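Heads up, the next two complexes both have subunit A, just with different partners, subunit B and then subunit C.
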Partner chain A sequence: MIVKVDGLKKKYKKDWVLKGIDIEVEEPQIIALVGPNGSGKTTLMNCMTNLLTYDQGEVELLGQKNTDTKIFKDVSYLQDNRILYGTLTAYDHLKFICDVQGLPKSKIEEVAKRVGMESYLKKRVQNFSLGMKQHLLLAMVIINDPKVLLMDEPLTGLDPTSAIDMRNILLELREEGTTVIVSSHNLDEIDRLTNKIYFLKDGALLKESLEQFATKEYYLTVDDLEKAKGVLEEAAVPFSIYNQEQVTFEETDVELQTVIDHLNKQGVAILDIENERVGAEKRYRELFEGDASV
Partner chain B sequence: MIKFIFFEMKKATKSAFFYMLLALLVLVVSGYFIYNYIQTERVEDMVEEAERQLLGSESSLEEMGFEIGDDINEVEDPLEASEIENILMQIETRETRLQGYEDHDWKKVAQVEVEMGEEHFERFPTQAEEQVYTWMTHFSREVHLERNRWLLDREIRPVFPNHSFSELTVYDEVFDSEVEEEIAHDFNNIHSSSGFYFLYRLFELLLTVFGAAFFLFLFGNVMTREGLGQNGPIHFLYTQPVRRRTVFVSKVITVTLVSLSTVLGVGLFSLLLGTVFDRLGAWDYPVLIYEPEFQFSFMPMGAFLLWSALLFLMVLVFCYAWLFLFSVLVRRTSIAIGLTLAVVFLGVQFSDQIVGAYNPFLYFDVYEIITFETALVQENFDINLVNGVVSLGVSSLLILVVSYFVMKVKMK
Partner chain C sequence: MKLLVFEFKKMFFSKKFLVLLAFLVALVVLLFFRNVILEDYVLDEKQSNYSYLVEVSEMNNRTYTRQLEQDLEEGTEEYEEIEMRQEMNLDLLNTADELHSLVGTDEWQQQLNVEISFMEQVREYRMAEGEYPISEEEIRHTIALNQQLLAQGIPKEIENYSQAPPNFLLQVVNLWVTLGALVVVLLLIGDLMTNEFESRSINLLFTQPFNRAHIIVSKFVSSLIVYLIVSVVVLLTPLGVSYLFGTEGDFQYPVIIEVDGVLRALTAVDYAVQAVGLMSVMVVFMISLYLFYSLIFKQTILTLFVLLGTLLLGYVLTAAISMDALAWFNPFKYVLPEQVILTQENERWYDAIPVTLIVSGVLLFIASRKIKTSKVD
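Our next item is the complex of A and B:
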């Protein structure tokens, strides 16, 4: 078992913030942990890495109890950038990890190149932008080629290019056999990373595969919108009109090809087809609608 | 562990504040050296003084109508003859001393002091009973005599002034007047820009509770900068494949090692200043060590400084232990330093009320411990270096263990 969390419960004063979390990961994959602020994502990750004690339950990573610090040779945890030392350079941080974990110094240059931070490797962290800090944090957790990688809000503060780079690195890691558990607010990015999402709501984990929610929403531009409406109503296709310009429908309701066939048959020309994934966001809204922090 | 210590050292030393305080320390040491350099009595000053004294004796002789070379047997008044004889002896001594200074013959200079001391004890055999606590005590004169014997045996150049009035010991409690007391303290306040003696005076200033306060500021944030319990850097350290106590222990070792390096660095810098601008001085210059029952001995100054540095290091570890405890309790640097300083100052202030050689607060004035001055004053010769190291070490260990467990609880 790569990750095993069994009945994890954590109480702050009188409130249970984690109410019996179970996670089992047998195959390398990317799992997203999603929930609004204060839902307990960071607490769960801190408990999993034994940075926080918990009241009940057990955690095993790579078959070893999380209390054994040796696991951190193969388990990395990307945390808040407050863990960085402002007066030290990026190189100092990476060198320390190499020293402690017995990694060759060549890994520093290698990982710096991989995350694109060669130019500021020798600069002090206190002069870094938010994005640069995120790069360093990423470098710090992948330098040891971990088998399990926990990431708390890794996309925070990244510009679009950096976010794409990070996403690509995570996908590469998955290909290399790393199990990644990532918490994020960026549902669009999560959607692109994985379809396995664990929603954390009221201290409980709702494990769902996005396969069932990972629908595409289509937007068709047609030559005659009124005629298209009539055709689709007659064919009992669930649809709506977007912005008085496009016909829109979800993949789960009807297949794209069916709609095209209906319209073509009745002589409605399709000028353009756009689509977007709406799974995670849609499910998120269903679950957390009305929560103050959503 | 060693890798961790190196990383901790890097963290401790890579800050502008650290270098600012070190620069301040260098400035203070340099400033104090300049002060000592200015205050140092040079050989030329001693020659001048010896010439002046010689001239005074010769004038006295002239006033009595006697010239060197005249026959003393021709003086009819036996009282006057005795006085002339005394002045003639005084002139001979002063000439020898002057010669010694001019030739830089330190053996001769010390020899004069030894002979004068011996003669004094011959002339005043009952002084030991009469001048027990009144300046200048018999004890202080004995110390002066033995100090010069030590200098004579080892052919050491004395620091100036080196006359019997420059000796002031803990027994010199009673003075005839305030002026006399002031003079005694002035004579005893000897400055020298030679390496070892300057370091001796500097450590007298530095290896105290004020020096400990300086080091507390230097390492004040060693724990608090880890952001204990606030997703701070301690979480980075705790997600490395090392035991958590390693993180804690390496911090203790690091601050101790960096403190030791700083004290040694200050020592070497002082010796260098002395050597470059004056001379290195003598490693085995005598430092007075009190013993029970009006006994005493001397310790070579180099050894004295090393023992002092060792005891001060233990004092620092004790202070750091308090700092660690308060850091994990309050998590704010300024409050942690403030509380540590409060405990240390109050502890030292009231240390003489807590009787016993195992009270760690007794050992902050390291010079008085090594010289057994505190032991003598408190009439407890168990107050010594070994018991100091033991009591400071054990109490530091206890506080550190408590700090570690408090930290573990606080991290929950």
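Our next item is the complex of A and C:
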């Protein structure tokens, strides 16, 4: 078993933050951990890595209990950038990891090149931008080619190019056999990374495969919007009007061809068809609609 | 070892360390030039002091004359006593006058001999129930110091205003061991561990494949190394600056100490080594105590507050309660080590070194155990 979390419970004062979390990962994959602020994503990861105490449950990573620090030879945890030391350089951080992990120094140049941070490797972290810090954090957790990689909000502060680079690195890691558990607010990126999503709601874990609900949303531009509305209402097609300009509907509700047929039959000309993949975001909205923190 | 290098780098390259080091060097250099600038002023003060003693003797003489002429009847026992005191007082007056005229001359041996005579005269005068503003302790120390200086052929330096390397070094050592080192160490290590908890950077160390106890050991050793570096710089700076700009000196210069009521002399080098050695033992204890508290409180201000409170309480109890027999059992004996060397009553300066180091070891051991289960809540 790569990851085994069994009945993990964590209480802050009187409130249960985690209410019996179970996770079992047997094959290398990317799992996204999604939930609004304060839902317990970071707490869960901190408990899994034994940084936080928990009230009940057991955690095993790569078959070893999480209390054994030796697991960190093959388990890495990307945390927020407060763990970095401002007075030291990126090189110092990476050298430290190499030293304690028993890795050759050549890995430093290698990983710096991989995450694209060669130009500021010897600069002090206190002069880094948020994105540069995220690059360093990423380099620090992948330098040891981990078998399990936990990542807490890795996309924070990244520009679109860096976010794409990070996504590609994570996909490469998955190909190399690394299990990645990643928490993020960026649902578009999660959609592109994985279809295995664990939603954390009210301290409980809701495991979903996006394939169950991944769908396309269509946006049709027509020559006569009012007439199109009447036609579709008469045909009992579930739809809505987007921005007072387009007819929109989801693939799961009605097939595109059916809508086209209805409109064409009544002489409504379709000028343009756009579509958008809706996955994590749609499910997220369904689950958390009405939550103040969403 | 690898963690130690990392910890050392963190401390050594911190702005705080570099600023503090530069500040200390500047402070020592300024202190030296303060001695240079105040050279004439100090000689004037010394002359003023002797002038004051002359005035005291003159005033005493007037009082005795009045008593002999108006109040007392000639031939009585009291009359003879006052007459004797007046004679002794006149001798004091003459000697003080001679000392006054010798200030600033090159006749240092004569100056020392006259001062010894003066102190002996003061002692005799006091024994004859005469009042004079010099204590018995000052008399004893001055005589002992002057005798040592004469025996070794070393001119006397003015305490705390010297420009000679050994004496300026002594001045800096005394400042260093009297709170200086404690304050510097507190500034250096104040957030060494607690800041790791406050900023959550401890999480980086907690998610690496090594025994967490190594964190305590490496933080302890790296702080000790940083302290030693600062100490070496602080102690070499006075030597450097006084060799370059100061006067000649002798490292055999005597420092008078009291052992079981008997005055003895230590050389300036021996005194400096003992004082810095004791301070280092105290610093070992302080760092251990800090690491121990930091794992309990995980918060800088609170940890420092409790640490300072503990040291203060230990010092006050040590000063207030006389426990000669148990002196070797008190790890707070070296909070201010200067007096421990200068006055050794029924105990020796090194008595409490073993227990201080053992207690430090125990604190480090507990901290090493505690960090294994420490969490960032």
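Remarks
Assume the second predicted complex is superposed on the first by the 245 of 294 C-alpha atoms of A that agree within 3 Å, B and C clash if a C-alpha of one lies under 4 Å from a C-alpha of the other, contacts with A are read in each partner's own complex, and residues count from 1 in each chain.
As a convention for this text, a residue touches a chain if its C-beta (ideal position, glycine included) is under 8 Å from a C-beta of that chain, and two chains touch if they have at least 3 such contacts.
The model shown is predicted, which means the values in this text are computed figures rather than measured ones.
In the superposition on chain A, no contact is made by A:Asn37 with either subunit B or subunit C. In the superposition on chain A, A:Phe96 makes contact with both subunit B and subunit C. Contacts of A:Thr258 after superposition: neither subunit B nor subunit C is touched. Shared contact residues of subunit A, touching subunit B in one structure and subunit C in the other: 46, 49-53, 69-73, 76-77, 79-80, 82-85, 87-88, 92, 96-97, 99-101, 140.
Put simply, subunit C touches subunit A in their complex at residues 2-3, 5-6, 9-10, 13-15, 199-201, 203-204, 206-212, 375-377. Within the complex, the subunit B residues that touch subunit A are 3-4, 6-7, 10-11, 14-16, 225, 227, 230-233, 235-236, 238-244, 411-412.
Chain contact summary for the complex, subunit A toward subunit B: residues 42, 46, 49-53, 69-73, 76-77, 79-80, 82-85, 87-88, 92-93, 96-97, 99-101, 140. Touching subunit C in their complex are the following residues of subunit A: 46, 49-53, 69-73, 75-77, 79-80, 82-85, 87-88, 92, 96-97, 99-101, 140.
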